[in-house]
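In structure tokens below, several structures.
The following pair of complexes shares a single chain, chain A, combined with chain B in the former and chain C in the latter.
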Partner chain A sequence: MEGINSSTDAAEMSFGELRKTLRKFRENGTRNATVTYKLGKYMCDNYSSKLGNEVWDVYEQMFFACIDLGINDIGLSYLRQIKEQFPESKRVYRLIGVLHEADGELAEAEELYKEMLEENPGDAAMTKRLISMYKTNGKTVEAVKLLVSYLETYKCDNEAWLELAELYLSEYEYEKAAYCFEELILISPANYLYHQRYAEVRYTIGGAENYLISKMHFCQAARLSGNSSNRALLGLVTVCETLRGLKGVTTEDKESCFKLVKWAKEKLTDKYEKSKVEVSDACPKKNSPKMTDHIDSGLETVCAILDSVKL
Partner chain B sequence: MRDIVFSSLALTKMMLHSYKYPHMPVNGVFLMDCDVEKEIYISDCVPLFHQGISLKPMFQLAMRTVEDYCERNNLAIAGYYESPDIVKSASPSLFAEKVGEKLREHFKDAFLLHNIWQENSKFALRPFIKESGKWSYSANTLNFENENVFKTVAELQKKNFGLELQDYDCYLDNFTNDWTNRSLQEVIMLVDAQTEHRDQSIKAK
Partner chain C sequence: MSKLLAFLGLVLMGHAAISVGQFRGIMKERGEADFNIPFDIILECLVGMVIASFGYIIGLNPYEDISSDSSLSAKPIEALLYRPGFYSRVSRRFGYFEDE
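This part shows the complex of A and B:
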């Protein structure tokens, strides 16, 4: 997907390419409304008969792109076509709810969602819609309540745990957010992102004990990502620096911090140097030092931390 | 207190940051030019984060990196902005207040700015300064170097330049992403000069 951006011309793409791109966007949940709209519109205008049954998926995709772009009336035209085809579909009702939301008719949307949920309490997608509606309208308390009860049924829904964690973070409830990340680590122990976030949350709470947990999970995140995660490496550097300057931390822990920072610095220096080469190669004006200024600043910061840890 | 004057470059970067991540809260810092004495001249802006904006480790690191950058370029961090996805209250968030306190340790006139989405893709800018122990809304602190800055932003957004903006989060994903946005800078200044010029010629008629 690297080559696809807002300046891509849909007319230069073949039917197959268009279909593949739009499909990929749907599968990955890529929320790139401008591009989706451009490609999707060309697709619908030129190849709608060629698409077969997939046309309804594309219409739905276009509907969401329109809503994201704030062109609700065009979105409505796609929704009308879908509704004609599937008049009783729950999925269509959800789209109607979304349109209500986009038009600012929140009460109508809420009523619709609640009605649908009464009919079918196990409808996960509808529950999530209602949660996200609460969230965007600042009704955090309601959103949290509904999410918590949802998670009692769907305990292994990563997305929902993550959402709950984000909600807690926006309320500065770091301990509760940490709990969510603990659940996420239990569900997917090999996903480095959860370790990384958990480490960041523990660091934010602060205190020697939390810093030690944070250090452990930054290490885990670095390892699981195959040392590719800059955040994990930089987090490790940051937390080790903090631990070195702290009372109540054993000499043994401080020793290990020093070693870790040294190790992380090597890995980072390597990455910085590689990035610098990449940037200068891409730059038309050779040897302009300014273009790598942002990388130099980053490297400088890490070196300064290593110096302070040494003492 | 001296007047705060915002360059188009600084404001444009901040607004493009919101445009790039319309569904997420974003934050960043304003840099002032230390060579200008008669006013607080905000010459630039560094967009920082669009995910996990209330977490400390990467934020601290970002602030240190930006400070190093400032030192080398005779700049200083003068303000902090955030554009909350949910507007809970008219006052700065807890996190913003803490950042504000930190900034005040080095620069006592540090300010906070709320950048809020409104209907028709416009923004409401709400500056806060600390007065008698409290962060309070201060409408008069906002001065634009070019009054047409919103036209500049609209023009750039229309051409999708918002997607080219890189914040510190992007930089953490890949070190080649430039949080100083040097290549975008030239485009912003060019478009801004055009909007300014166009406005003057309309007035002249």
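This part shows the complex of A and C:
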């Protein structure tokens, strides 16, 4: 999957590579619509019989790619094929709702979702579509209300908590967003991203207590990511630097901050040096130092930030 | 090596089975109805079973790390932030697509 971009020629890829790439896109939620459309179209035109039942997943993926690209009429053709195969499926009705939204027919989309919800009030996916529709159309208050009532029933839905956190962040409600991230951490404590995002929100709120919590969660995020998250490492440096300059922070905490910054600096410097070597080895043109210059300037920036910490 | 051990174990167990069959045949010829299977045949069968099991187990692939830490850190960020239920159209691409 490395090296796949919009200039990739689908005809040069084998059936196995095409299928693997599209599967990876589906698993990771990759929204690279142009590439998905190119590869998927080639796959459907040449290998649809080989796909078996997976062809319906590919058609759905193509439908979303078409919606993202604004070619709704082609998306409709894929939707028709899915509808023919699964005429009474609620999933298909959701896709119809998405198409109405993409065509700007918001009233029809809302009516469809509400009709489906009246038939089955416990349909979580349909509720999410309604929430998403409200959010896309700027009705944040309605979206939040509906999402909160949804979460009162489905308390362990990661996706919904993350969506609510993003909605609160968009409205600068940091305390409420922090609560959402706390719930996410309780549900998935091994997910480093939740710790990282929570630490960032706590840092944004400010105050010594929040900085200490933020430091803890940046450490956890760095550890869980196997020290691969640059953002967690840089966040750790930033929060430790802030704590060292604050009054009311104990000497022990300041010493631990000093050690953490030193540790994070070593990790970041190693990573940037290593990435510079990897890029220069992979660089196809011998006299093209642009990428290494870019990394050099990045490394200089990072070192400047870290040096300003005055270790 | 693992296949060799497993095969050896199966051969031993097969041999023990054949030995039991032959022993039964001999006992029937003698007219003895009640008999116990000789200890060495039982021992051979058990040893064969142990060797075959051992050979099969060491031939298995090493265990994969199933801790959620290892699998989550390997995923890209977009996978961790993926919210398919709240899909919304990325409308900025509208009008920029040109079919080649």
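Some notes on this structure:
Convention: the second predicted complex is superposed on the first by the 277 of 311 C-alpha atoms of A that agree within 3 Å, B and C clash if a C-alpha of one lies under 4 Å from a C-alpha of the other, contacts with A are read in each partner's own complex, and residues count from 1 in each chain.
Here, a residue touches a chain if its C-beta (ideal position, glycine included) is under 8 Å from a C-beta of that chain, and two chains touch if they have at least 3 such contacts.
All values derive from a computational prediction rather than experimental measurement.
In the superposed pair of complexes, A:Val201 makes contact with chain B only, with no contact to chain C. When both complexes are overlaid on chain A, the residue A:Gly226 reaches chain C alone and has no touch with chain B. In the superposed model, A:Thr136 makes contact with both chain B and chain C. In the superposition on chain A, contact of A:Arg31 is made with both chain B and chain C.
In the superposition on chain A, A:Tyr192 contacts chain C only, with no contact to chain B.
Contact with neither chain B nor chain C is seen for A:Arg19 once the two complexes are overlaid on the shared chain.
Within the superposed three-chain model, A:Gly70 lies in touch with chain B and with chain C [touch as defined at top]. Overlap of the chain B and chain C interfaces on chain A: residues 31, 34, 68, 70, 135-136. On the side of chain A, the complex with chain C involves touching residues 27-31, 33-34, 37, 64, 67-71, 98, 101-102, 124-125, 128-129, 131-132, 135-136, 159-160, 162-163, 188, 190-193, 224-226, 228. Those residues of chain C lying in contact with chain A across their complex are 67-69, 72-73, 75-91, 93-97, 99. Residues 5-7, 31, 34, 68, 70, 135-138, 140, 169-170, 172, 197, 199-201, 203-204, 206, 214, 230-231, 234-235, 238-239, 271-272, 275, 278-279, 282, 290-291, 293-295, 297-298, 300-301, 304 of chain A are the ones touching chain B in the complex. Those residues of chain B that touch chain A in the shared complex are 22-23, 25, 52, 54-58, 60-61, 64-66, 68-69, 72, 85-88, 94-95, 121, 160, 163, 171-176, 178-180, 182.
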